[in-house]
């Protein structure tokens, strides 16, 4: 049996992802996480000296704290199995990636294990975020310097 | 007739005893667990790391298998075993505790059968009176090596399999009456049909299993009807479906006698998706339920085909395809 | 967790979120300058839903809430208003913001009705807005 | 007041749906999906589109990982506005340090408290 024929057969038999169901679940889970974040932000705006904009920092930190609890007690992966991208895309998913790696590599010690591996999954997000920010900001700064666009 | 990779054991080595240990999750969810010799309340078997727990499961399975024969490790000539973790360290540590001359075996999840075949060969050659063979896997340590950290949230599709925490060990001795005989076997050819999805290993392994199955039947001149049971290792629900489709195209009768350990391993629990995988999955199913049913005479002649995907995290991240292997062993009860 | 449970939870949260009162338009003026002009300016702007204006000493604070789909431009709206208010009251320190913090705090300040606190708290609100930029 | 919750839910949910489609239809791994979204967020800020989205949707725009790219670019641009081209290098983490530092701190704390479990 040649490769192409088998891959066709494999495509036929392997069940397709349930696109609609997955998207609805991602929408609900992702939306819900953002909604909870909005309540947290409201809390910070009402009781502390944060404006809508500056409240986003403590909100993010709080969401990561919640993510830590959910990850540690083993609930986050259950949410992720239902929510898919709905749980991976919010900042809680970023937290989950770092926290789960930290817990996992505890057995190799706190320096080489936890310290050395924490960014194993989440590191790529930081790398791409920083590099793309660099490129975008550089282009914009040059364009502003040339007088093509303004800030 | 092409005799490549075919093994026939004229001296009729037998499986004298088996030892099977399973983890806590398998104890609760797996229908095979009722045949197991030992289970643990803790996924790390009360030890500090997952890998230590893994070694402990393997070691306990070996000791149980030998104790059933009233033997000690000092009586065994060889121990052949393997697992999936880096350089098979859990097996290495288990072997170091047992202290029997040791050969590490690696055929990924097909190690259960490959070690059994090598043990039969050693016995056939007259170099051994007692060989211990087996394989094991432990969910936590393997999941972390091949996929993501345990608590990492990633959505698994319907094709994903759950690595089983289990160890299965058999002791092989020269012919005695009343024990299942290893009559023949077939060593698989590495098959790679260009699949790359590490979360759909069943589909990648199915052609290897089908190829070995065909070669075994043609090489040893048997037919599907000769067997009471033809059991694949850990193809999972989707891989098993593909395997049967392939055989159907080659005009084998797949309506009955076929089973897959991986697809059945967690019963009807849907959260395990396509079923179980891991080298402990086939080993613990073969050396528990199948062995018991051979002994009790439910099965007279069985064909066990264990499949393994020979990939590493490195190879699939580099975009390589997944090469797969399948080994077959035929066991008869007179 | 099933989708149904998530839906239910989401629904409850949305319901809970609904329990907030509308503020409308409010103006409090403790000075002699004409506060009416500021109020009409804000009221006439159709993009603005709620507004609280507080004029005290040499400060004018306007907290705005803009319509849902105008929120994209809420910074621009606040800036525009700020410029117009500066024209109307050139001698005053003007703070205009569409941030709900400003609206909430100013509203709280007015509800407390303690004029002694006005100067101090108004300064603080202005500094919060400045800190952001 | 109510509308911010609705927009937050809908915008946040929609960004996640885009991620889900990238994973299901585009067959990307979660890591590839997240990296792409971060890059998209930072490009959007380059065009000045992300800040209005935050004003519209609140946490619906700040909680998804796209805001991470936005915040990095925003910090770099703000610094570049003040100090010219050097600011691009130095300003990057001005705005966004909270997410990363929180993740490091809570990750380390979690590693002290929790043990990994293989339960389903």
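Order of writing sets the labels: A, B, C and D. Residues in every chain begin at 1.
Basically, contacts are C-beta pairs under 8 Å (C-beta built on N, C-alpha and C of every residue); 3 or more make two chains touch, one makes a residue touch a chain.
Since the model is a prediction, treat every value here as computed from it, not as a measurement.
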| item | value |
| --- | --- |
| Identifier of the chain whose CA centre is least distant from the whole-structure CA centre | A |
| Chain pair whose interface holds the most contacting C-beta pairs | A-D |
| Interchain centroid distance [CA atoms averaged], chain A/chain B, Å | 38 |
| Approximate Å spacing (C-alpha centroids) for the pair chain A, chain D | 7 |
| Inter-centroid spacing, chain D versus chain C (mean Cα positions, whole Å) | 28 |
| Whole-Å gap between the CA centroids of chain B and chain D | 45 |
| Contacts with two or more other chains, residues of chain B listed in rising order | 50, 144, 149-151, 154-155, 271 |
| Two or more partner chains touched - positions in chain C | 10, 13-14, 17, 100 |
| Chain D: positions in contact with at least two other chains | 4-5, 9, 23, 30, 114, 116-117, 119 |
| Inter-chain touch pairs (all) | A-B, A-C, A-D, B-D, C-D |
| Residues of chain A defined as touching chain D within the complex | 17, 19, 22-23, 26-35, 37-38, 40-41, 52-53, 56-61, 63-65, 67-68, 71-74, 83-86, 88-95, 98-106, 110, 114, 118, 121-122, 124-126, 128-130, 132-134, 136-142, 145, 151 |
| Complex contacts: residues of chain D adjacent to chain B | 23, 30, 114, 116-120 |
| Touching residues (chain side chain C, partner chain D) in the complex | 10, 13-14, 17-18, 20, 22, 65, 68-69, 71-75, 98, 100 |
| Of all residues in chain B, those that touch chain A in their complex | 48-51, 144, 148-159, 193-195, 200, 203, 207, 238, 241-242, 245-246, 271 |
| Footprint of chain C on chain D - complex, ascending | 1-7, 9, 51-53, 55-56 |
